[in-house]
Amino acid sequence: MKILLTGFDPFGGDKVNPAYEAVKLLPKNIAGADIVTIEIPTVYQKSGEAVEKGIRQFQPDVVICIGQAGGRSGITVEMVAVNIADFRIADNEGNQPLNQSILEDGENAYFATVPVKAMVENIKKHGIPARISYTAGTFVCNDVLYELLYMISKKYPKIKGGFIHVPFAPEQVLERPDGTASMPVETSAKALEHAIEAVVREESK
Amino acid sequence: MKILLTGFDPFGGDKVNPAYEAVKLLPKNIAGADIVTIEIPTVYQKSGEAVEKGIRQFQPDVVICIGQAGGRSGITVEMVAVNIADFRIADNEGNQPLNQSILEDGENAYFATVPVKAMVENIKKHGIPARISYTAGTFVCNDVLYELLYMISKKYPKIKGGFIHVPFAPEQVLERPDGTASMPVETSAKALEHAIEAVVREESK
Amino acid sequence: MKILLTGFDPFGGDKVNPAYEAVKLLPKNIAGADIVTIEIPTVYQKSGEAVEKGIRQFQPDVVICIGQAGGRSGITVEMVAVNIADFRIADNEGNQPLNQSILEDGENAYFATVPVKAMVENIKKHGIPARISYTAGTFVCNDVLYELLYMISKKYPKIKGGFIHVPFAPEQVLERPDGTASMPVETSAKALEHAIEAVVREESK
Amino acid sequence: MKILLTGFDPFGGDKVNPAYEAVKLLPKNIAGADIVTIEIPTVYQKSGEAVEKGIRQFQPDVVICIGQAGGRSGITVEMVAVNIADFRIADNEGNQPLNQSILEDGENAYFATVPVKAMVENIKKHGIPARISYTAGTFVCNDVLYELLYMISKKYPKIKGGFIHVPFAPEQVLERPDGTASMPVETSAKALEHAIEAVVREESK
């Protein structure tokens, strides 16, 4: 089994993105599956193109995109992507779509095809807080998950797709309001590893 | 320089106390200072007796008690202990003092004599969220800090005293409400180390 | 114009549901539109049947369901309902569907057809905190919105449908954890009124 | 019985201060006690002078200062004022004392002499969230409570003194981060009324 993981580059004024930092810490093989990783741009629709380029290059069985969910205190595995782009801030190339469809011929929403519940349970089993999320927002994270699941449904029906959000890294919250949640990148990386173990186990059944 | 660190045993239904777990991870020497550690009971006033026993045994220059602040997302270095015991839950021996003075002949409050601001700054400089706190609550954490500072003011004027609160460990929040903050014990231990570095540096001036 | 508003009965151990309490405070006419209201049961799928019964009885132009979102601090106007029922607690008749589709022949998701952004803006313009939400959860609130939008798309294409979540009433949080958000029912009712004004204005264009 | 209430003027960029707005809504007589009110400046030490001027003018039996605690979700009745001024932002005349004593010859801390627990209980009994707080911060709110309790202990031993914090008003949080708590000024005013009823009842015993 081959699993492609993607992490976004930094955005919104932060110097790091804990998503890609965590991805970089992962071993090359998890539970018997080969892990390949790419960094993708925090740019509307270009992120989806970068994912497709990765799919063509690596021919993975599973694709999981990783992003930062600033303010969330635990790992969140996303269940749903919606056909809405409504950016509160501009992306890294200055795009700021407001209340518009991502893909005109797409479904209103797609559901992740990775085993979301098993992933959450395995992360928690290893002592790291996690839960299912039913909204990936309306920024580039939702955009890339939507585009991934769209292309899976249209062109790559054998690939499983999903998305995992990680909290801010601790150094990102030093100047943010008191009480803003964070998680060390090493802990987020461990959580990703346990999520992937669950994917391998469920897909090997 | 010799520094005595104390950590509480578990309470309130939890199986671990991240305070003592973090203390156990510390090296025996930090920035040239010898570190000695004891576990103390989460019991009203007995915690203070255990601290005094440690002072007599180890003859430290600095005493810092470490406790758990469930719900806080970063490290908090306490500035103040007040002469109030008002326990929301019973301690580990069933005591539940309500709205009463800890020591009849004590001041209304004592201020920590360790360099609180420098400790917070050095923790943050190393990328871990921290802030000064002006309330250690009204449970055993405040009790032990109050008793420590009282005995310092009455009997051990050369000792510096303080208190550091650490968040829940991640495994403690798995069944708590979504969004409850936590910090890995390894990260809390790193923060304690950086706090102690600041104490050594300031006290060596 | 005729607008049907629904509010749920209490659930989860609470004695009141601020949603229906707020609905009951509304005037019979808002911005020229007639307001009719019904209480619906917090029961899987029966809530949808109750809404359809109301549609048949009152022949409304707009249907807005109102529910409680415990823990949210402001008014949230929902944009999306997903075809997932995954109940954390049992409903008022003991049903607890887990990770299942609500309607086999429904879309993955439906979008609200009321003017969500204009509703949020008009609530905020009158000084009450509000925002768009992209998840109505996976309990009866999402269920009833999903069923409403499904029946609109299949059978009642001229009706506009939506959902507004209100916070806990203050008396509901007295014994909940410190910091649990609430809003007086009178304030929630004012917010509903301003949301409806926006609906009337936009639909009259 | 005569009760003097004080409320601060707006600060920190806000156009209103919900503390004084709530004070203005109170009746002239509560539970048989005469209520007199003054607005005081959000200025270090000048706020204390304004309170003393009010004491001389009105000769009250009880003085309760009211302030805004941005971010808190319920009413908090303060138990303690500490001899520390450490301003995160400048006050309304540009003063920003850092980590300094308010009054050189004062105690480390003073405890409120109004019946704090009874006040909290009576607010909650009427359905409004409230709790005791053991820190009034280190800004002007703590400063004025400290100076009030200092002057009571030195010069006005028959007067009872206290402090109540109210949340942001809803219109203050519209542009603040999602989830920032607020309470309508009318609800805060009701809470103040119930707190004062408890004071009158306890002091009349």
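Residue numbering begins at 1 within each chain, and the chains themselves are lettered A, B, C and D in the order written.
In the analysis below, a residue touches a chain if its C-beta (ideal position, glycine included) is under 8 Å from a C-beta of that chain, and two chains touch if they have at least 3 such contacts.
Per UniProt, the chains are A, B, C, D = Pyrrolidone-carboxylate peptidase.
The model shown is predicted, which means the values in this text are computed figures rather than measured ones.
Over half of the residue-numbered contact pairs of B-D are shared by just one pair in A-B, C-D or A-C, which is A-C. In this structure subunit C contacts its sequence twin subunit D using mostly the same residue numbers, the overlap exceeding half. Centroids built from CA atoms put subunit C at 30 Å from subunit A. Subunit A and subunit B have centres, each the mean of its CA atoms, that are 38 Å apart. Counting partner chains per residue, subunit D shows two or more touched chains at no residue at all.
Interface residues of subunit A, counted against subunit C in their complex, comprise 79-80, 82, 84, 86, 99, 107-111, 117, 132-135, 137-138. The touching residues of subunit C, counted against subunit D in their complex, run 72-74, 124, 127-129, 131, 169-171, 173-174, 178-182, 184, 186-187.
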